[in-house]
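One chain, chain A, links the two complexes that follow: it is found with chain B in the first and with chain C in the second.
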Partner chain A sequence: MSYSDKVLDHYSHPRNVGSMDKGSTDVGTGLVGAPECGDVMKLQIKVNPETSVIEDAKFKTFGCGSAIASSSLATEWVKGKTVDEALQIKNTDIVKELSLPPVKIHCSVLAEDAIRAAIHDWKKKRETAKPETVEARS
Partner chain B sequence: MATESTTASPLAETGERVCWSCSAPQAAQFCTSCGKVQPSQSVDYFTFFGLPRKLNIDVTRLQREFYELSRKLHPDLYGQTSKQEQEWSLEQSSLLNDAYRTLKDPIKRTEYLLRLEGVELEEQSKSATETARVSGEIKKQVVPPDLLEEVFELNMQLEELRMSRKMGEDDLALIRELQAHKTEFEKKFEVLTQELKQYWDQWDRVADVDQEEKRHQIRDKMVDVLNRRNYIRNLVRDVNEALGS
Partner chain C sequence: MSTDVKTMPQEQLVAANGVKLPIYMDNHATTPLDPRVLEEMLPYFMEKFGNAASRNHSFGWAGEEGVETARERVAKLVGATTKEIIFTSGATESDNLAIKGVAEMYKEKGNHIITAVTEHKAVLDTCKRLEKYCYRVTYLPVQKDGLVDLDDLKRAIDDKTILVTIMAANNEIGVLQPVAEIGKLCRERGVIFHSDATQAVGKVPVDVNKQNIDVMSISAHKMYGPKGVGALYVRRKNPRVQISAIIDGGGHERGMRSGTLNVPGIVGLGKACLICMEDMPKESCHLAGMRNRLRDNIMGRLDEVYINGSMEHRLPGNLNISFAYVEGESLLMGINDVAVSSGSACTSATLEPSYVLKALGTGDDLAHSSIRFGIGRFNTEAEIDYVADRVVETVQRLRELSPLYEMAKEGVDLKQVKWAAE
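Right, the complex of A and B next:
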């Protein structure tokens, strides 16, 4: 099977690889996996608490080229979006953008799962952290 | 392990079908009356071997049957028959091989049965994501979070090992740590395999009974165990590769 140029590009030059402080209230972490292939994907977002805009995103994925490309693309796409906008991203958008073949669709599913999980984690943190969080940020 | 070897007659499974040659009721592969090869039917592998849809099977018996059918379907025996019969015997042969390969391996057998029971592992994940998208709920991951954390950490260490190897170093402390992790994961794998076996027994007990709900419960548990087991299997394979090189 051959990878599309876009997959190869993300694979050889992945964007936004890295990690952020998991404990920070501004950071949401999504850790997801696909048992069929053993892939594991971690995607983190840093959200502005006032505007809900995702200011930064990082990922680390262990898996095939398509999984790496899907998560790399996901971090590019979520940056600059509000969390609600980011929730609109569908796995099929990723499939289309990267021209993923049917056997690699689960990689795009994983990336969507990771985005949703990261946002969910951030929302949960924000709810548990009391309203003064806004003030606490100097 | 209890092996149910009910000699389910293929006749019961194939219903109304009759032999193309003598019109007697036909078996899955050959006519029970005139012995002529039959066109292959779209039957599942259990039915092909006249087995009930159960997970503990007598593999010795299966193998014996496989050899016998292989002999009976050997192309040399069809040199003098019609072209149609030659084709049918080839079709039956390939079905026989697929069926045998799938059923003789207990894990493949389980995965196959789950597919027959309507479980598509990948589809399952995709449709769960779609449901989550619509409802706004968080999707339940098939692999529990703590296992994911461990898998992630182990992969980080593997990457570290590969990096240090590239620099021409062997990080002995890291190798020891990886080996320890590997042993742990192998133990987990064994535990999951045992757990799966218990579900085989449970499944077989309700396979014939009209207890759909119970069957679904056991089916879903098997899916869950298989998912985790596959994950760990791949991980151990990666660690072996990294340590071996």
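Right, the complex of A and C next:
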């Protein structure tokens, strides 16, 4: 399997590796894939509650080079976007950017899933935490 | 200075401790040709180009002489006689000829074949094809260490069994099957025993008489010989085994394998066998020493590393280990100046993790995390140390990147997690 230079670069120098406090209200965590399938991605976003802008993103991935690159790229792309804008990111954009071969398309799908899962988690937390947050601020 | 990057010889790279890069440590896939083998082969391309089947001139005689010397050398390495050695294009052809040839020849006697789930695809797929032609195949499971349970085999043999085909050494995990015991059992039950000994011949002692082997596949390129040539041992007495040809033509090789002989290749196979016979005691100790050095060097510095298959019944040059929480292909990417193989799905054409590791009961997760090191004649201790260092640093880096490692360290039982697979 020969990889594109962009995949190799993300593999060798992954962006935004790390973890954030998944208990924090502003943090959304997406954990997708399964060890048996050979791919697990954890993507976390830190969202500004006022503007809904994703201020920070972190990832950790168990998987092949394409999976690592797809999730690394996903963290780069979501940063600075609002959650609604981030939801517009499609796996096909990732495939294109990284020149992934057909057998690696599932890696990009997983990265898109990870973004969605993280946003979903954040939204869910915000729904349940809203009354308290409002009270605390008033 | 407009050197094309693609054609730049990588051999020029040298690591800090002086080893040349890239390092080849995938000797179960193939081995480099031994220079002594090449030297023996060279005259048979130009001066001695004759067809070994040309009986009426010196060109033919020279070719025939080369072939017959090779036949003696191959026979001697495995304790056979020259008339029992049939030259083929390699182990895949030998396996096909053995299994299909026995099945066809003995179809009046029975239609049942026994093999094991960890066999090479050349055996498994041949058996599968025969199932389409009304043969019945039993695929024996293996134990956790990779060995076939002799009691399972005993129970599987019935009055319709004509053939048992079990490999001598596994190509992924290097596990050595109890060939002598299997052979004894087959002999007692009057069943022909074929062994795919591709990985074993030349590495560990193989003797067709002591081990009661009736038919055996041999390959040249796994023992520092050329690609495209192999042999099939077919027992001539006690008992005499007959096989039907699968390639028809000029009746070469006692009618069992027609086709002009690959004289240079056969000469190379013969020389490779001779070298292996002379060097085996010394070489196997040396390889096992390097293999253990690699194992200790890696396992002494990393936790949660698991050896796949028996360490006791194993080829001296084989090490197959799983690095928990790290995916195999990403590990290969990290050690890209070392040529090894992985059981990860991402490195296979089928996108399925290694069926051999799955057969041992290794979970899919650990099968994805496996690396096969195949240490060979030309590897050095300095290379072993370099490889160990690269593996350790890459595994550590990838574990820092792995959500599974993080979860495991937090005390999460990964088996209990409900994974949201795509």
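Just so we're on the same page, the second predicted complex is superposed on the first by the 127 of 138 C-alpha atoms of A that agree within 3 Å, B and C clash if a C-alpha of one lies under 4 Å from a C-alpha of the other, contacts with A are read in each partner's own complex, and residues count from 1 in each chain.
By definition in this document, contacts are C-beta pairs under 8 Å (C-beta built on N, C-alpha and C of every residue); 3 or more make two chains touch, one makes a residue touch a chain.
Model, not experiment: these values are computed from the prediction.
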{"item": "Fit-or-clash call for chain B and chain C when the two complexes are aligned on chain A", "value": "clash"}
{"item": "First (chain B), second (chain C), both or neither touched by A:V32", "value": "both"}
{"item": "First (chain B), second (chain C), both or neither touched by A:A118", "value": "neither"}
{"item": "Touching partner for A:A67 - first (chain B), second (chain C), both, neither", "value": "second"}
{"item": "First, second, both or neither for A:P14, with chain B first and chain C second", "value": "second"}
{"item": "Per-residue contact with chain A, leading partner among chain C and chain B", "value": "C"}
{"item": "Partner chain in contact with A:V78 - chain B first, chain C second, else both or neither", "value": "neither"}
{"item": "Partner chain in contact with A:N91 - chain B first, chain C second, else both or neither", "value": "first"}
{"item": "Partner chain(s) touched by A:I105 [first = chain B, second = chain C, both, neither]", "value": "first"}
{"item": "Chain B versus chain C as contact partner of A:K42, first or second or both or neither", "value": "both"}
{"item": "Superposed model, chain B segment overlapping chain C, candidates 110-118, 128-136 or 236-244", "value": "236-244"}
{"item": "Intersection of chain A interface sets (partners chain B, chain C)", "value": "31-38, 40, 42, 60, 62, 106, 109, 113, 117"}
{"item": "Touch list for chain A against partner chain C, complex", "value": "1, 3, 8, 11, 14, 17, 19, 31-42, 60-65, 67-68, 103, 106, 109-110, 113, 117"}
{"item": "Residues of chain C that touch chain A when the two form their complex", "value": "325-327, 329-330, 333-334, 344-347, 351, 353, 363-365, 368, 400-406, 414, 419-422"}
{"item": "Chain B partner contacts - residues on chain A that touch it in the complex", "value": "31-38, 40, 42, 60, 62, 87, 90-91, 105-106, 109, 112-113, 116-117, 120"}
{"item": "Contact set on chain B toward chain A in their complex", "value": "121-122, 125-126, 129, 132-133, 136, 138-139, 141-143, 145, 148-149, 151-152, 155, 159, 226-228, 230-231, 234-235, 238"}
